[in-house]
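Heads up, the thing below is written out as structure tokens.
Order of writing sets the labels: A, B, C, D and E. Residues in every chain begin at 1.
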Amino acid sequence: MSEKKKQAELIEEISGVNPLKCMKCGKCSATCPSYNEMDIKPHQFVSYVINEDVESLVNSESLWKCLSCFACVERCPRDVKPGKLIDAARQMVVRQRGQAYLSPDEIPELLDPELPQQLLVSAFRRYRR
Amino acid sequence: MQELINRAKELLDNGTVARVLGWKAGDLPYDPEPAYFETAESLKDFVYNGFCGANLSKYMIEASKLEGKTLVCLKPCDTYSFNQLIKEHRVDREKAYIIGVGCKGKLDIEKIRNQGVKGIESIEGAEITDEADMLKIQTIYGERSVAYADAMLERCHVCKGKEHKIFDEQIGESKETKDGERFDEVSRIEKLSPEEKFAFFQKELSKCIRCNACRNVCPACSCRKCVFDSNKFDSSQKANVDSFEEKMFHIIRAFHVAGRCTDCGECSRVCPQGIPLHLFNRKFIKDIDELYGEYQAGDDTDSKAPLTNYTFDDAEPSIVGKRG
Amino acid sequence: MKYSYYPGCTLRTKAKDLDDYARASAKALGFELEEIEDWQCCGGVYPLGTDEIANKLSCVRALNAAKEKEQELVTVCSACHHVMKRVNDDMRNVEDIRTRANNYMELDEPYQGETEVLHFLEVLRDKVGFDELAKKVVNPLKGQKIGAYYGCLLLRPGKILAFDNPENPKIMEDFIRAIGAEPVIYPYRNECCGGYISLKEKDMAKGMCDKITESAEGFGADMLITACPLCMYNLNKSSKKEIPVVYFTELLAEALGVKEACAGAAGEDEKEVQA
Amino acid sequence: MQRIGVFVCHCGSNIAATVDVSKVAEMALMEPGVVHAEDYQYMCSEAGQAKIQDAIHEKKLSGIVVCSCSPRMHEATFRKAAERAGLNPYMVEIANIREHCSWIHKDMEEATKKAVILMRAAVAKVNLNTPLKPGESRVTKRALIIGGGIAGIQTALDIADAGYEVDIVEKTPSIGGRMSQLDKTFPTLDCSACILTPKMVEASAHEKIKIYTYSEVEKVSGFVGDFTVDIRKKARSVDMDKCTGCGVCQEKCPSKKAPSEFNRGLNNRSAIYTPFAQAIPNVPVIDREACIKFKTGKCGICSKVCQAGAIDYEQKDEIITEKYGAIVVATGFDTINLDKYDEYAYSQSKDVITSLELERVMNAAGPTHGHLERLSDGKAPKEMVFIQCVGSRCSDDRGKPYCSKICCMYTAKHAMLIRDKYPDVNVTVFYIDVRTPGKNFDEFYRRAVEQYGVNYIKGQVGKVIPQPDGKLLVQGSDLLDNKQILKEADMVVLATAIEPNPDVRKIATMLTASIDTNNFLTEAHAKLRPVESPTAGIFLSGVCQGPKDIPETVAQAGAAAVKAIGLLAKDKLLTNPCTAHSDELLCNGCSTCENVCPYGAITYEDKEVNDHGIREVRRLAVVNSALCQGCGACTVACPSGAMDLQGFSNRQIIAEVDAICR
Amino acid sequence: MSIENKSFRPKIVAFCCNWCSYAGADLAGSSRLSYPADVKIIRVPCSCRVNPMFILRAFEKGADGVIMCGCHPGDCHYSTGNYYARRRMTLLFSMLDYIGVENGRTRVEWVSAAEGVKFSDTMNSFVEKIHSLGENVRLGDLRCRN
């Protein structure tokens, strides 16, 4: 099996998503609040996985713009739920050491006294292993 | 017992019933047998004690064909069988006058014998009114005593309850006898390896002498003619000792009563070879409960039986392998 | 009536008042929140990966603790609630996760999702009843026009959280009515505030919060309520509008007349923490 | 003992290439009862059949085994051949040595061995076969149509024109159905009422057609050719014979707050009402839930103003029992409930409507008298957005997995009509795919784009956001531009998925007709028998079988009529002889079999039997062989083995088992 | 296929309902999808016609495996037959498992008339399973008489 295919299968396995169920209606992208910040749009995530181009996905800015707000998960009519694919791609990045989106030294300057723990905890979960 | 006899006399006298279906004393103190009593005088032989395990429901199939009503004495567990027979249109409710009799657990003479009690002459403490926890047994070797609970039938240790499911009147108190879980033994066997299971059942079934006692006593085995006696399923080799039915008899019998068996335990009680036949029926009951929802045959007279019912999302047969 | 209670880390610190008001209101309404012993942080986000087990164990522990006490488990924080319900759903319905989590946990009896997880609002709706709540209100918040801000975590995925209609919820509106105020329905009440993104992408969060507050004000809201410390932070911090945002428990405590009592206590705790 | 002939077919080389056919014939002669065996090139050919017939005569055969292709192929052929030679056709059995043997095995020895075993099993079975005779049942020459929409009307007219009596049962107060609610029809844009009303009139005037409106089917018993149906005629509270249809009662009725079903609840109607002006019959009904007289006992105005004295508050539901030979289901559809699609703000904004509601808005008799206006404030819209596939093509449990089929076309129709009548209104359509197979259909859609300038955007809408100023912000995808767009609209129209009328479940159960997971009635064969239910005597017309537009519905209605006529034209029906029957001496009368019979074919009778000299009356199972379809569920349920299935008896199957395991 | 060479040739009885599974087997045939010749099919009108006694009979007569195929639940030609069959077979198989008969010797598979591939795949895997279990001795030997 080619490396590309393995990567695509891995992302399907982590996410539990079957991208072939997608009918390309674009409701995910119509729904996404972060759409404009994304370089690869939610609906494109699905076709990237089908086309085994996981490389582009893990290098995508979109991973760090997705809010995990589950709006696309809720509204997807085909049970594809691109949000899960995005999260899986993010997992693939953060599971490789040193690829974290958030480095420890940049944290102090991001903090402010009112910032709730919840924010830090969830950002860490999203950004780092 | 006397209260029961008095009431029976009364009902015979005033013409409510034409006969009484109960138990009469046998030759030995521990073998009363089912009997009809048609006159007040004959009731002198009537007994009702701890050895009256026999379930009289099945006799009502024939009694339903007789003129007039039959007074029948049913213990709480027997009423399930009666209900089930109503559901199957085998007995006529109108032909029965049911006295729900109290029960404090029924005795198993084999259990007494197994405790080394031989040469029994008389037994005290088996009367339904006796409060004693011990049975006093006079033997030719002297007096012995055995705890009542230790002499009880297996089915009484997992009693379904004191409630009569159907009756016209009730006489006598019932006692809680349950001290075990009904499906424990089935669960234990389920956990064995296939080899162990097979060894267990092969050993038990090899004792069978095909005397048909189980079939004859079973209230669910009430077919006019049993499939094992008709030629509907067999093509030719009827007399072959190794024939189909010989081997599969108990499995087929259990399947035929699955969903209809009330777990009255009569089959095991009457088996002269002591085969725990109820383990087959209880396995089906346990599976039905687990797969299709709790179901107690004879609880009522109109619910749909599990094998004549279904849901769209019933378990697939492959669940058997998955459950392990 | 006693419930197991999982406050979560933010309610221990920055959102202490969300917690205090909840406890005080519970008392006033006649139920008790028994804090689970030695609870651990839920992690703030539900790990979506099908192979994530370790990150879910803190929730399983809390859920099992409630099971052992034969109590329902109550949460107040939206994030904790979200994570807890979804982990519980996994334990009920995803065999692989259930088996593996139980292998880690080595409990006497495996945990299989027996515990019922309830949000404080669900307790108000399903256990207390909004009609009953309305009867216990001593200071009805008459004349206040309040917008409910649900955010994402309480509602989605609708099938698993089963909290309310995810596209057109009404539980908070009913709550607002019960405490005597007037709910303002606006379309952005279930849109995301930006969540954790505000740590690094301040502008994005700002854009989203602006949409929410503008829409709420446009429909006439004077105030927003939320159940989530992070939403609260973002809406306060990132929106150009200055519409006040408060925890729903604060209004509840106020309506029930127990606000003053616990405000003092909260203040003291704060001091201790600072000291 | 039977005298059995075994005939082994080569099927050219299809069988003979892998099975040693002469060996099979040779081995057959060693089987008990076999007195003749031969092999031949093509048994199904005329020469092959002649061989069978000759052998029947010469060898006095009582049973036949043909080792050949699947019985699904040629069982009927060989049975007929045997019958022509004077043998009972049910004395023929097939051993399938082609599909189940020669075609799937390569090794000659192995395939031959298996073919021999299959032959033995068939011989063992034939040894126990008994001649069977199909029963006969009569045909009542009247058809029942359930549903009075265009499908039901068309089927009724076609059957009636062939000279048979037809009754239509319609649940609502008038026939006409969904089509009567439509404004214009695609692809010709003619007025729906103009083409439907004449049909309605024709049906009501037809001497062979009887129409029961405001009525429902309550109970169905019987079987093909001889159904007995109870029809509940709900109390109309108006005497149909006396009413002149003047309409004064509706005008004077003080209770005018009931939502109009016909106008999809967009406006209100009086408590006494006819659903629409062209209703047939033109006799109103009193909605007792809304009527002040029925609620409080006071009022009675309608009765006072009715000069014909037709108002009858005492009227009761009436049950009519009638016999039918054929039943046609034409129950139609409704749009799905949109509760699960609140992202489109249907329940939050009055200006978000379904397409069917738009039909009423566009219709001159509708709530806005045909003016296109916002239902919230009556203002004329400038921007209209149409959203396609709302609830269609959804594999989650919110919507329907199928394509509703009609939406693409009616949306093009709506867009075109709006652009034509209100050129200053901009129309945008969000679509996933535009599906327009059909004569003149794609041309129609292209006209909407090219001539009328309708803006089609490929992409679904994520959310409709009501604005404080009353406008609607539509947030959608433009997949071709790869953009998320926010479009301000005055009205949004949802192409809502259609689903079978919810009543169809109940009706299907009464008819024992099968339905699929989406509640569409199942056809007997998806391609070859598309208008028949698998249940004999039940036919399907219109959307109850699957999404359809009007031309397709009318075509199917005609086809269903032809099938029904084909049945009604027969005087007698032959029934399948492979039915269950109960051995009276073994039957316990326990009702177990009755509980599993899907056809209600088993009843119980008290019958006197002579059981080896004992005469007694027993409760016994009796199988109605005209109803029994021969599934065999009862045979296994029967604890005593009294119930058995002809043609597949216990002993026959056991003989096959024994032969295979020998 | 490799198992064709082994010396043990199991006896396998397959009950197929006339409307779906028998037609599925026909389709497997006309598509030339092979499966071992050990499988012999008995045609029954519906899976609900299969009496547990037939299955026990087959085992008693030396069958090594018995498989029953019917229409998919919901697609039964007689609407409900396979629902009853499903319960009956589940309970029977459970009982056989309980008395120590290897569970893999019995199987139920829903095969539609369109599923020729599934039919042949099912038969291949079932025969393979029976091969791995070897000859059926237990049911033929349940009651050992001295």
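Convention: a residue touches a chain if its C-beta (ideal position, glycine included) is under 8 Å from a C-beta of that chain, and two chains touch if they have at least 3 such contacts.
What you are looking at is a predicted structure, and each value in this text was computed from that prediction instead of being measured.
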Partner chains that chain A and chain B have in common: D
Please report the smallest number of touch steps linking chain C to chain E. 2
Chain whose averaged C-alpha position falls nearest the assembly-wide average: D
Between A-D and C-D, which chain pair is linked by the larger number of C-beta contacts? A-D
Between chain B and chain D, tell me the centre distance in angstrom, where each centre is the average of that chain's C-alpha atoms. 50
Express in whole angstrom the distance between the two chain centres, defined as the mean CA positions of chain D and chain E. 33
Determine the centre-to-centre distance between chain A and chain E, using the mean Cα coordinates as centres, and give it in whole Å. 47
Chain centres from averaged Cα atoms put chain A and chain C apart, in whole Å, by 25
Touching two or more other chains - residues of chain E: 51-53, 57, 61, 74, 80, 84, 88
Expected list for chain B, residues touching two or more other chains, is 227, 233, 307-309
Which positions in chain A are in touch with at least two other chains? 71
Following the definition at the start, I'd like every touching pair of chains, please. A-C, A-D, B-D, B-E, C-D, D-E
Looking at the complex, which residues from chain B come into contact with chain E? 186, 189-190, 192, 194-202, 205-206, 208, 227, 233, 241, 244, 246-248, 251-252, 254-255, 258, 280, 283-284, 287-288, 291-292, 306-312, 314-321
Taking the touch rule as given, give the residues of chain C at its contact with chain A in the complex, in rising order. 8-10, 13-15, 41, 43-45, 47-52, 55, 77, 79, 152, 155-158, 166-167, 191-192, 194-201, 204, 208, 228-230, 232-233, 236-237
Flag every residue of chain E that touches chain D in the complex, lowest number first. 4, 11, 13, 18, 22-23, 25-26, 28-30, 32-35, 37, 40-46, 48-54, 57-58, 61-63, 74, 77-81, 84, 88, 120
Sort out for me which residues of chain C touch chain D in the complex. 159, 165, 167-168, 185, 187-188, 215, 218-220
Complex contact set, residues of chain D against chain C: 339, 341-343, 345, 347-348, 397, 463, 465-468
